[in-house]
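The chains carry the letters A, B, C, D and E, assigned in the order they are written, with residues numbered from 1 in each.
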Amino acid sequence: MFDFFQYPFWLQGALKGLAVIAVIFPLAGACSMAERKISAWMQGRPGPNRATVPWIAWIPVLGPFLQRLGVFHLLADGAKFLFKEEPVPGHVNKLYYVLAPVIALIPALMTIVAVPFGAYLDGAGRVVPLILANVDIGILGVFAISSLGVYSLIIAGWASNSKYPFLGGIRASAQLISYELSMTLSVLPVFLWINVPGGQGTLSLAQCVAMQGGAWFGIWMPLSAFIFLVSLFAETNRQPFDMPESEADLVGGFHTEYGAFKWSMFFVAEYAHMLIGSGVFALLFLGGWNPLPWVSLADLVGWLQHLTGWAFVLHPLAVGLISIGIFLGKVLFLIFVFMWVRWTVPRFRYDQVMQLGWQKLLPLAIGNLILYALIIAWVQTRI
Amino acid sequence: MAVLPVERKPLSFAERTYMPQIFSGLKTTFKRMIKPAETLEYPEQRPTIPNGYRGVPTLVKDPHGREKCVSCQLCEFVCPPKAIRITPGEIPLESPTGHVEKAPQAFDIDMLRCIYCGLCQEVCPEEAIFLQNQYSMSGYSRAEMVNHKDRLYELGGTLPDKHYKWDKKKSAEDAAAHGGGHH
Amino acid sequence: MIAPPKPELVTVNIDGREIAVPKGTNIIEAARMVSVDVPHYCYHPKLTVVGNCRMCLVEMGLPAVDPATKAPIMDPATGKQKINWMPRPTIGCATNASPGLHIRTTSPMVKECREGVMEFLLINHPLDCPICDQAGECKLQEQATGYGRGYSRFIEQKNVKPKRTLLGPRVVLDDERCVLCSRCIRFCKEVAKDDVLGFIDRGSYSTLTAYPGKKLENNYSLNTVDICPVGALTSTDFRFKMRVWFLKQTNSIDTESSVGANTVVWSREGVIYRLTPRRNDAVNDTWMADSGRLLYKQVRTDDRLATVQVNGAESGRDIAVNAASERFKQGGVAIVGSGRSSVEEQFLAKKLAAALKAPAYLVSRVGKGDNLLISADRNPNVRGALVTGLIQTLPSAHLTELAASIDAGRIKTVVSLGEDLTAAGLSAAQLAKVSVIYLGTHANPTSAAAKIVFPGLTVFEKNGTFVNQQFRLQKFHKAVPGFTGAIDDLTVLAKLVAAASSSGTAVASEINALWTSLAAEIPALGTVLFKNLPETGLLLDSTPWAGLPYAESATLHYQLAQPALATA
Amino acid sequence: MSAPSQRRLIFQHIDEPGYTNDLACYLKHGGYEVMKRAFARKPEELIDEVKKSGLRGRGGAGFPCGVKWTLVDRKSGKPIYLVVNADESEPGTFKDRYIIHQDPHQMIEGIMISCHANNVKQAYIYIRGEFPGGARILEKAIAEARAANFVGPNILGTNYSCEIYVHRGAGAYICGEETGLIESLEGKRAYPRIKPPYFPAVLGLDQCPTIVNNVETLCHVKHIVGMGGEAYSKIGTPNNTGTRILCVSGQVQRPGYYEYEVGKITMGQLLNEVCGGPLPGRTFKAVIPGGSSAKILRFGERFKGKRKVGAEMVDYDWGVEDVPMDFDSLGMIGTMGGSGGVIVMDDSVNMVEALGNINEFYAHESCGQCTPCREGSLWMKKITGRMVHGEGRSEDGALLKNVADQIAGRTICAFGEACAWPTQSFVLKFGDEFKAYPEAKKNAPADSLKLV
Amino acid sequence: MNLKPETFSRIDEVIPHYPVKRSAALPLLHLVQEDQGYISQEAIEWIAAKLELQPINIYELVTFYPMFRQKPIGRRHIKVCRTLSCALMGGYKACGEFEKQFNTHRGEISPDGEVTIEFVECLASCGTAPVVMIDDDLHEKVDCAKARELSARIKTEAATRQ
């Protein structure tokens, strides 16, 4: 149906890469915009609402509305990051200093490819996931690659040759290690469940979604979801876990010495991590592209076709768009939750972060794993 | 100093997880988010300045256009950050306000130093200096941030005068000059 | 040092405190000795007593005596002699201490009297403190705060009197502020002997004035401004220049003549605004000549020397010292010291002369004395040069001897400490023959001709001492920082001395350190040090120089000591 | 009790028909006889006579004349001056003027006796500038006396010489104060001197010992020496000896001069009988008994207390009419005999305006030397002036009183009391009128008596 | 100084009356004022020089004593007593009458230059109040009628003089 798969391998790769960039960058920008707007609303402010573009601003209702929404700030910010002077402090290690933001971006963008973002129904009515690289290792790949992101922080901290970035880098690495464990342990019950005895073993996230046509794992395994979510906050260095940045005590943490486009790369990477993290969470615990618990994508499409009588609803393109929409909605909601939490909960002290990771979450995750292992064993032996 | 141990309230399990607090916090922020904004959108919307507001210090003239400051330098003396600098001068006898004798030759307020405390207004015996409604002072250089006498009068304008101290004095002098003394 | 005769003491009781005071001391002065303030306006310690302000009213009592037997009447309650308190208050300024006199300065009656007098003084006062130069040192302000009632009951029209009257070239009169204390009139009559001021009209309309067409222009007119307790008399020079509360006071000495009037320098942020006299009962009482008050203007002039120069080019201090050292090595040096230099500078000049075996000269300046506070000798410190041994005989106005030596080619280098050699009789041709090392404050023909110029400090910018005509050692203090570029004269001199001496050892240039060697090397100074020298000075023993033909005639506290053996 | 008859010493011949002020007439009436006898006696004896007589100064303060003379510094070697205080300027007093105009030689005789008694070589008569006629009469009289060798060198053949000069003032009330008078005589502004140290008896005219006596006092000296101190002291009452000229002015039927033995006539007798009572249709309201600076008496008030009669204390309870006209009695009831000028006010007078008139006088006459009187007198004038011009406040009475309290007793000379006492007493005794004045002023008839 | 010869002689006569020359200041001022009608600045300086004083010493006196004038006045000087006894008997009314008669105000010279009317303080004739002094002559019990009579007399004299 798509000529796409007839394209040469390298062209496919390039197009996919461009697609990732074309999606992630604007999304990251939109997130930054959303963050400013949401924080403003939560604080009783209107938020950014000044920037405007002449012709659009002249459109009677829409122009002012977009301006009030602060949409054009996004463009202005982007332009600013691109055209701003790029200072490189004299005391830094230039190579690593320049390398760090690039390294930050690579795993963020790379992880995307292993995350399915929608599905369509093929002629047989089977659900085919939309994914750039449908690798079987799935979640493991995501974990493996995204964890590399911390290197950029460490490199940035070290290369800056300055005490705040250095401390920021140290904190980032320690924090990542601390919470990676809990996170990984928290998803194990999900995969224990997916990999039914006798079935083909898989770590595929698409499979995960497929298994959530009924009850979502979030309902099934709330504790896992909770541990995963908290760890996700910590992994993405979001408040209340943004110790590496921690502007109150570390000025800007690892990126203190960065500015302009290099800084924006860190910025985009952070949002990319958030997007991926949210996506993974949605896939694991919120049913992926299944619209509601106990309502699968196939059910939805079937009802739609039945109700409207339109045939094209069953067309793969339409289903794909619906599924992407559902998935994206969930992701954006999670992004909102990130922001919501950020403007609600104050930052932890660093020792509290460590304590929470090692003494609370890790035992909890282990306990959770054991509990679900027993439950699953019990349930599956019964069925 | 004695050490007073303070008994902390024992926390319940729920409290120790912090979750109820976090959720109530989330509730608060969410509620706040859907309420209308409180902020004033500054350049378009201007705040209503309450009485007694202490804005930029200015010099005022009386309703007859006479400069009220007589350069007594009390404000210069009292100014905590030493933002005021006055060069006193003499009013020539033939001037219409010659009976006042003294007026500032130069009157500078360094707004980079000014802390808007209002002591100058309080101490002024001539009611010549007022912290008025003007609250934004900006400039591109340090020199620009020093308000000179002309600028201070421009900012200050004219305020009603309850006393007309010097006018009364002048009319008494004129009366004495025409009345030919006392005997 | 000569001890004054012991006065007869009487014991008086002021506010319950007994104090022995010399007989004839009035109550204000006696109270001051026990730190009790008796407010007053018209009383001035150096003028006659008129008692017209009525501010110094106090309650007075005398020990009761039986009129018949003259036996003291005892108070059974206290066991002491009973005190008969007078029902009416009496003025402190005209009441002299007598044995057993009792005074109350804090009783309700006295308080009420002061409140009343303060109110009366203020009802016709214009209360224009904001434009009054006296504000801050005004007795009306001080005493209204200290002793006034704090509010006014006067709602009628105030009297109108002339304002801004120019009494003379230096004094402005504001009659509305005048409290008619008559201090200025008495000063003009009694001290300045120039009776131009008086009161006209009467009652509350009394007005201070000078006779139409006459001006208060004697050289002591500004003292009326000083003694005016209110802002009626102000100085044209100081008028509207600066409020007194900003000014820092530094004790100094007037340099216009050998009287050495004690002064106070009033400065703010390195700028001098005025000079006023400082009380010294042995030298200038509380007076000072007008001419001396303008001397501060020399501090900031266009012709101040501001750079070290060697051969006309700007240079550094040490380079210049080395250049001088080179010239010293060639020999044939003469030193022209100055009667305007401080004792310390003269001392170092003498050391320099001794190290170089150079002759030292001084230049005299003789004018006409006014028999009050300006003496004939216009150098403030010729006696200092005698005491330090820089010179042995009194200087003359012209350096004829030096001129002859130059002409004879014996002198190759002349070190001038601020003296203009052309004014002292050297011709330009003679100056051209020698290299001049000039150390001074202002540019003049000598500094222009000099090979090496060190910019020095004026008397207001340094510490030091002068010896006045009475052989009274008096010190002055640094009031303002030195002129930009100028170097402390003592530093330069010390470096020159070190450069000239064979050993090359450093000489102290800091004043306290210098004084330890001064005191050690000059017997006349005894154990005096700069830091323990009283502010009112110290009289030195002048007998070693008693016979010299000084230029001065009598002035306020100075009679020319006749040579004791003149008739013998 | 009806009024006693007058006892005329000073006014013995004055007002007699045909009595003129020239020397011939005076000699005809036994003039200069006393002086001739006095010149035969030692000066000390004369001083003793005066001391014995108990004569008190008639200028206002009532200081014993004999004591004043003994205080004179005779050891300094400096000349002693006698200055006759003929600067009669206390409002309500007009006796000296009459003596000078009617009987100058009586005064000259008194002066010469006093000069002789005190070894004075130079006497000055300081006469008011407002009496140009009086000055001419005196100069003529002195010329006559000089011609008759009563004045001038080697008087009456003795080797004692004494000159009298007339010195005209120029219209300043303060010259009535003795040190002010001396200053004025020295050719200066009449600023009274501070005492101590400038007591005239020690440091008077040109820093020489100086005696300053009132005209009437010196006339009494003539009579004392004439009749002897003992005899004189029998006249009047103890401590208030002699006769005294009472000058009555104001709103009575017959104002004028009346000479009585001191203390023998009461206020009531004087005003009602001698002076014929109030003007038709009026009643007496107040009286000032001793010149305008004396404290006012309000008709209807009563004075109670104890007084000394002979050796014992006696209770007294007087109305204004019962007060004997002598120094001590008037002093006891809080006012003073002063210079003998009795000013009478009836019920047509508003006391605020009367005080306004008096305050205007004192404000005009304050010399301006010392603060309380200079500022206070003008302030009081301004307050009463303001009240009269319709800007009165009910609290002004209290303010006036307080201002006056701040003056009295704190000035160089007695002028402070002089200007403060009227105000103090007016407010004290007519406080109701002062309180009600702002209202009364509004309702005052247009043709009411104008005093300010 | 342009004075009448007899004034000069009287001045020379009066100065030795006093031990200190300064004391003669008041008599001299009287004499000069009688001669010239007022005390000019020239007169002040002349007297000061005569008595070996500073002009200010004489100036102080001229302004202190109300009887001395520094400006000329009308040909006749009407001085009305305003002090209490006279005021009680109608002194203010009498003064008002004089003002009306001569169409002038107190302290001013009348339009015809004939009189200057002034209030003065007590003239020491309180028993015959109100009193008025016209030049050196005292007039007693001057009520409105007498004031008119006196005014008429002055006017007649003025008319005859011309």
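Definition applied: a residue touches a chain if its C-beta (ideal position, glycine included) is under 8 Å from a C-beta of that chain, and two chains touch if they have at least 3 such contacts.
Here the structure is a predicted model, which means the values were calculated and not measured.
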Identify the chains adjacent to both chain A and chain B in the sense defined at the top. none
Pair exhibiting more inter-chain C-beta contacts, C-D or B-C: C-D
By CA centroid distance, what chain is farthest from chain B? D
By CA centroid distance, what chain is farthest from chain C? A
Report the inter-chain centroid distance for chain B and chain E in whole angstrom, where each centroid is the mean of the CA atoms. 62
Using the average of all C-alpha atoms in each chain as its centre, how far is it in Å between chain B and chain C? 44
The distance between the C-alpha centres of chain A and chain E, rounded to whole Å, is 115
Between chain A and chain C, the Cα-mean centres are separated in Å by 86
Give the residues of chain B that touch two or more other chains, as numbers and ranges in rising order. 183
Please list all residues of chain E that touch 2 or more other chains. 57, 60, 64, 66
With touch defined as at the start, can you tell me which chain B residues reach chain A in the complex? 22, 25-26, 28-30, 32-35, 37-39, 41
Chain C residues touching chain B in their complex are 126, 129-131, 135, 157-160, 163-164, 201, 205, 239-243, 245-246
Per the contact definition, I'd like the list of chain C residues that touch chain E in the complex. 195-202, 209-214
Okay, in this complex, where on chain D does chain C touch? 172, 189, 191, 194, 196-197, 363-372, 374-379, 382-383, 386, 399, 405-407, 409-412
The chain E residues in contact with chain D across the complex are 17-20, 22-27, 29-30, 51, 57, 60-61, 64-68, 82-85, 87-90, 92-93, 120-129, 133, 136-138
